[in-house]
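Labels run A, B, C, D and E following the written order; every chain starts at residue 1.
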Amino acid sequence: MPQPNDNPGNSGGVAARSSLGGAELREGSDTVEGEDHRPQPAAAPGVTRAPEIAAGHDAEEPTHPTKVDVRGLNLWYGETQALFDVSLRIPEKDVTALIGPSGCGKSTFLRCINRMNDLIPSVAIQGQLLLDETDVYGPDVDVVQLRSRVGMVFQKPNPFPKSIYENIAYAPRIHGLAKKGAEMDELVETSLRKAGLWKEVSDRLSMPGTALSGGQQQRLCIARAIAVNPDVILMDEPASALDPVATATIEELIDELRSNYTIIIVTHNMQQAARVARYTAFFHLGEVIEYDDTDTIFTNPRQKRTEDYITGRFG
Amino acid sequence: MPQPNDNPGNSGGVAARSSLGGAELREGSDTVEGEDHRPQPAAAPGVTRAPEIAAGHDAEEPTHPTKVDVRGLNLWYGETQALFDVSLRIPEKDVTALIGPSGCGKSTFLRCINRMNDLIPSVAIQGQLLLDETDVYGPDVDVVQLRSRVGMVFQKPNPFPKSIYENIAYAPRIHGLAKKGAEMDELVETSLRKAGLWKEVSDRLSMPGTALSGGQQQRLCIARAIAVNPDVILMDEPASALDPVATATIEELIDELRSNYTIIIVTHNMQQAARVARYTAFFHLGEVIEYDDTDTIFTNPRQKRTEDYITGRFG
Amino acid sequence: MAAPNLQAEKRIRQRYRRERRFKALCVGAILLSVLFLVFFFTDIIQRGYTAFYQAQIQVDVTYTERTVNLPPAAVDSEVRPFVSRGWLRQLPDHVEQDPGLMGQTVTRWVTADAPVGQYLKGKHSGLTEEQKATVDRLREAGRIELAFNSHFFTRGDSKMAEMAGIKSAVVGTILTLAVTMAVAFPIGVMSAVYLEEFATDNRFTRFIEVNINNLAAVPSILYGLLGLAIFINFMGVPRSSALAGGLTLALMTLPIIIITTRAALRAVPDSIREGAFGVGASRLQMVSHHVLPLSLPGILTGSIIGLAQAMGETAPLLLVGMMAFIPAAPEGVTDAATVLPAQVYTWASMPQRAFDELTAAGILVLLAVLLTLNATAVLLRKRFERRW
Amino acid sequence: AGTAEARDQIRIVGSSTVYPFASYVVEEFGATTQYPTPVIESTGSGGGLKLFCAGDGPDTPDITNASRPIKVSEYERCQDNGVQSISQAVIGSDGIVLANTADAQRFELTLEQITRAVAAEVPRNGKLVENPNKYWDDIDSSLPHNEILIYGPPTTSGTRDAFEELVMEAASEEMGYDGPYTKIRQDGAYVPAGENDNLIVQKLTRNEEALGIFGYSFLDQNRDRIQATPVNGVEPTTEAIAAGDYPIARSLYFYVKNGHAGKVPGLYEYVEMFLSERMIGDMGYLKDEGLIPLPAGRREEIRQAVLNKERLTRLEVKALNQ
Amino acid sequence: MSTGQVILSFLAGLLPLALLAYGLGRRRALAVAGGQDRALHSRPGFYGWYAVVLMAVPAVAMALLATLLDLLGLIDAPATLILAAALALAAGGLWAAERTIQPGLRARNIVEGAVRWLLITAASVSILTTLGILLSILFEAMRFFQMVSVWEFLTGTTWSPDTAFLGGAGRGGEGQAEAEFGSVPLFAGTFMITAIAMAVALPIGLLSAIFLSEYAPPRVRGAVKPALEVLAGIPTVVYGFFAAITVAPLVVDVATALGLDASYQNALTPGIVMGIMIIPFVSSLSDDVISAIPMSMREGSFALGATPSETIKHVLLPAALPGVVSAFILAISRALGETMIVVMAAGLRPNLTANPLESMTTVTVRIVDALTGDQEFSSPETLSAFGLGLVLFLVTLILNTVSLTIVRRFHEKYE
């Protein structure tokens, strides 16, 4: 079982990313106050309608600078609009949960951040989505590089049908992050350790990744995402296909990763959101209804719809 | 919103079932006491291990005689066992919910009742499952007749790609329950009325059933099941693919149907179970952990695992 | 359970009767096909198996200056009519290869004339009564016998049934199919990859799709016209060559390969693609590192089936001149060549009766190859079948 | 373009009738000389002449076989495309036989009777009427009461052309048609049966009433199953055909490009072998294959002419087609 | 130099150049990045490929263009000249690549773009093929339609080319009847044989598919499916041989026993044999369609107490109908175009009749016959092959379009 503080961190020989997001910013970042984790008000360009939630509400303890800054994002699948004017500021190095009833656009929003929606031809997007102040949809952005900075873990574990080793080594290799041999071995080990999987698989790295149990597969996918040392990890209901025990492991793992990565997690399970996330955004019919500290959302929501959802009145 | 007492009941002109299960037994059926809706203790044949919950606990108000009586049911998919020694007594003409985390065997159990598992070749079953005191797996039982007495509604609405009318008329026709023409028209109308769909579709019965909205489709499937006038209706997460409004409609409908049918519903959504079911069984890893009045299960569970699940500690 | 009334009972019995009848009908349909297969194979085997044996005759061969110039003189006049002319014709070559033979008389088993074999196999031979008596006598004396027909596998076409074999047709088939695959496989796979993995759903893509479906339905004979006009007349590819035939068949096989490859690509779940994209693979990397390797068994299966179909194709080859008389196996793709089905077709129209069984034997070989290809495809499919 | 290279292999195309004989020679040539086996392809006389006359380059055939003489139009195409000098070789003749199954009664027919059986129209009372004959005894009461059913070559076949010319045209002169008449009935009494004569033989053995029309070699190989019909009282035997007594026989030809001599190794060696006594002589191998030899003198004449590369002239072509 | 040699030398020159380009490009990229490959936009290998692309694309394009122009007779350049020019261009491209490699150069994007174009080119081959088929038929067909009016060709009920031949032979006389090219009997024969084939293939194929997808246990399915596929793999020549020698007499015997008069070249024989050949085509396509119907449809029906056959007849088949119909139409176009079976087993007699026991001929037989026959090539009879081919092509085109439309229109109805 992973030990919450048994965190190998960045100690491995991973080729450190050169220029992106300062890892040292964690401490002493109390500069931005109060507004940090709140949705962006109407001022943002391209936004025509301010969410009701824009009115201030003081969170208890602002911590990190903004990592992902979304301003007035609209998204259409062909003719039907799936996201309406979404504005959010997601802080660095912490866990933010997206909750909401089925079909409310959580996954859609998540996939905007690493531009996975580019793969769906009918998608049209309007608005701004800044990652470290650079617009992800800007003309100069190279999607491939973007995705190596923003890892993703999917609802159904999807390890490649290759060996465990190859699953991890694949991405570092195509990005040229480690040389074949010892360097790569080390990177694989570090990533598996971070994902809390090393102990279970260290003696059978050449076994196909698909032969692992569901929970192990999901952790393998997390290790795979970690291996390229991303800044942000997106997780789309990472535990919904898992049994309770595996779910608990994943939740523990998320807890360990929170100090090094900006994690955005979609979940159907409100208890899970309450357990793992520091901030929670409630989506409904493509809109962000409320975005606040998780505690506030669950104990003292300001919106009626949030409360109805939380208390199981619908969904 | 569901109105508990707004119950149109059996007013339509449905071809009445001739000899099956006494509809009059509802009143004056207090003969069997206390034990009715409780899991069956170890005495049943073929049962080797009594569930922990066998120890008595007095329900407040026993109402109906047992409709489905399950005794020590074990089920295997090939080598892996999916149900362990399940024993339950499900009362007539009321709603019983099955809850539990994903993969715990709810659907598997449900599909035992109308022998839908027969369709999966690897399934092996042991134990007894009595419907009106006849063993469903007995040598003389005709599956086709059994299934016309036990209707089923699935997670994803699955109307046939035919007209609305044909969707309803299909089963009565193959069972010879109504003659072509006026008699069938009437049966179709009654079934649609009972499913609360008549008003919405009465003017377009020849439209394909697949062209309806998700919630309407699900009600169409319920109407389809009702049309053969079954005793029992099994519902496997009937609202999980629906939006909140459609879900509410389905819940209202279930509430209306409860006085005429024995309804067994699987749901992931505990609030839903709380809203619609009189009795609730909690499944975990293929076992029935606890089975009791819904109120008791949700407010005062006797088992630690039940409580953990209810309070969102896992799942 | 409560007893259902009589009418319901009757009804249910009737329903079950219908059920049995319908199922029997389905089983019957399958049995019919299988029965036909059995009938077909029995028939062809019965017609063809005798071709794997041929008559041999033991003669004294005299190697002299005179017999080298006039080979029939090398054997005794009594047996002369029974010795294959095709064999006698090789006499000078024997001497050339082994000059020591000159002046010697050697007793050896040689290939007999086809009618002798026909007679020994109990078929119409055209031999006179007198000749039949001689053959009978020689057979009693152990000087004529039926032996394995190695010529059938080691020699090319011949006008003399006893010397005719399938070797040049087999080599021609291999060369032709090699060209076909070399052209159709890469182009087909690339087209499929484009349509499945790269193309967006626009008018151009749809046009290509319609086109491909169409090509799969175009009568093969029209491909022959195409091959004749484009490859031979326009591009100057030599007539009758494996190149011309292979290119023609390649265009014909292309839609099959594209369609099956697309199916194989589609069978790879999107979760793999998302996984690859998710770790920052480019589209090309996603396809070449993940999707293609995973779909390879499916692609190969489809290609083998396409290959098998191409192999059985005759009509278009008729038009590009591959219905030719090829005694010597071609050595390159531009040499004149024929293919197995064409060989079968030409043998079927030969006047000599001995070619009847050769035709059937040729068919047997063709079927054996096809079965092998099919079996390979099935095994491949089984072995790599993946349930996602 | 002109990218085709010089060949070391002779290329032969042409008639399907000549193909069995020519391929026999080709095989012998390949087996007993130092030259590679020529490539021979059965394209039909017309197709062969088309390829042959397409040009003089090395990518065109050196020889084309034909079961009929070259036509003026074809000759002109040759000239236009630079194939100036071609020689014509007659290799022998082919009997066209009528036969029925050996199990049935044997027919004996005259050219006129055959014509009455196959013509689309027959003269009656000075007018042409649609052929009413259904049974042979409708034509002549001495013939059996058998349904008229004749399997014969299709319109695309040179054999059919020869049949029409040698039987119908020959007979129609005196029968009361206005001129030469060659139209064959299409009501099912005459069944065009494709190029595969084996299949015709097969069909004859199954259908006692049917007659078949095909090349002499197929008769030779199937004497156990079918019997020939004497025409005008003459049996189709090698001797009778060679002597010109049997009326339905035609000459077989090949044409060679004189310009290719010396460019394609072995070309004239092949021609010489084909025209040698060993092949087309009275005791030649091709006789066994069903070719009817020409008279010895004529053979010698042709041999001389072809080996001396005597050019075929337009006048000669015209005369041939009269 | 021969074509082959030119191609060989071209490849021989290009391959080592490509190797060289890859090596140089890679090295150059590492050099400009100062050995720090993380400083590069793309992985070093992509710069290698970038150089290959820049080197090969212009050279190959030029060579192809020049060859095409040469073949069309628009220019007359010796092959060696084209070769030399192409290789020079390749060297130029290589030089340009060397010059442009910078750390910021998006080599991966460029290479991927090039690959994309390569794939598009490959996909376009199918369009070229269609174009090629059309072109190779069209010109000769037009010559034919100059001699025979399209209307007469399409509506005439007599196909009697006899005298066309005589015209070519110079023996066409005044008294001769006109040659007639009415294709109706040919198409009637084609459709008759196709109809018989489909009458055999559809029920057997469909019922087999139902058995395989709904009744057969996996083991039986695993054995029977490939066995059925063997039927589709048997060469058509072999079927033709079998039809002519074995089936035809059988049909005649049966017909005679029934007191019917059958020709040995009856349309029934090739129809039946062709039908057998097409069974697996119908069955495997139908099997796919039926198997694609979601399990939920079956469950829905079974849960209502339907028997398997009721489920199949009332739920599955109606749902599968569009797919089955389109499979059927595709099978029809196969039967229409089938050649060798009819060449060997059907007659050559153009015969407009509804009696399948009579002999009749088909379009494809006429095409083969005309093109391999002894006619003079420019005679209308030979050219009629192209007219027939054109019509046949159009018919399959229409059938296929119909089938695609059906599939598109009714696709995913139960989704």
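Some observations on this one:
We adopt the following convention: contacts are C-beta pairs under 8 Å (C-beta built on N, C-alpha and C of every residue); 3 or more make two chains touch, one makes a residue touch a chain.
What you are looking at is a predicted structure, and each value in this text was computed from that prediction instead of being measured.
Common neighbours of chain C and chain D under the contact rule above are E. The chains touching chain A as well as chain E are B, C.
The chain with its CA mean position farthest from that of chain B is D. Taking the CA centroid of chain A as reference, the farthest chain centroid is that of D.
Distances from each chain's CA mean to the overall CA mean are smallest for chain E.
When the interfaces C-E and A-C are ranked by how many C-beta pairs touch across them, C-E comes first. Averaged Cα coordinates give chain B a centre that lies 60 Å from the centre of chain C. Put simply, the C-alpha centre of chain B and that of chain E have 54 angstrom between them. The geometric centre of chain A is 85 Å away from that of chain D, both derived from CA atoms. Each of the following residues of chain C touches two or more other chains: 15, 236, 282, 323, 348. Chain D has residues 1, 3-4, 42-43, 195-196 in contact with two or more other chains. Listed for chain A are residues 144, 174-175, each touching two or more other chains.
All chain pairs that count as touching, in label order, are A-B, A-C, A-E, B-C, B-E, C-D, C-E, D-E. Residues 217, 294, 296-307, 310, 314-315, 318-319, 413-414 of chain E are the ones that touch chain B when the two sit in their complex. Chain C contributes residues 200-201, 269, 271-282, 285, 289-290, 294, 386 to its touches with chain A in the complex. Interface residues of chain A, counted against chain E in their complex, comprise 15, 18, 142, 144, 174-176.
By the touch rule above, chain E contacts chain C in their complex via residues 3-4, 71, 108, 111-112, 115-116, 118-120, 122-127, 129-130, 132-133, 135-137, 203-208, 210-212, 214-215, 222, 224, 226-238, 241-242, 246, 276, 279-280, 307-310, 312-313, 330, 333-334, 336-340, 343-344, 364, 367-368, 371-372, 385-386, 389, 392-393, 396-397, 399-401, 403-404.
Interface of chain C with chain B (complex): residues 1-5, 7-8, 11-12, 15.
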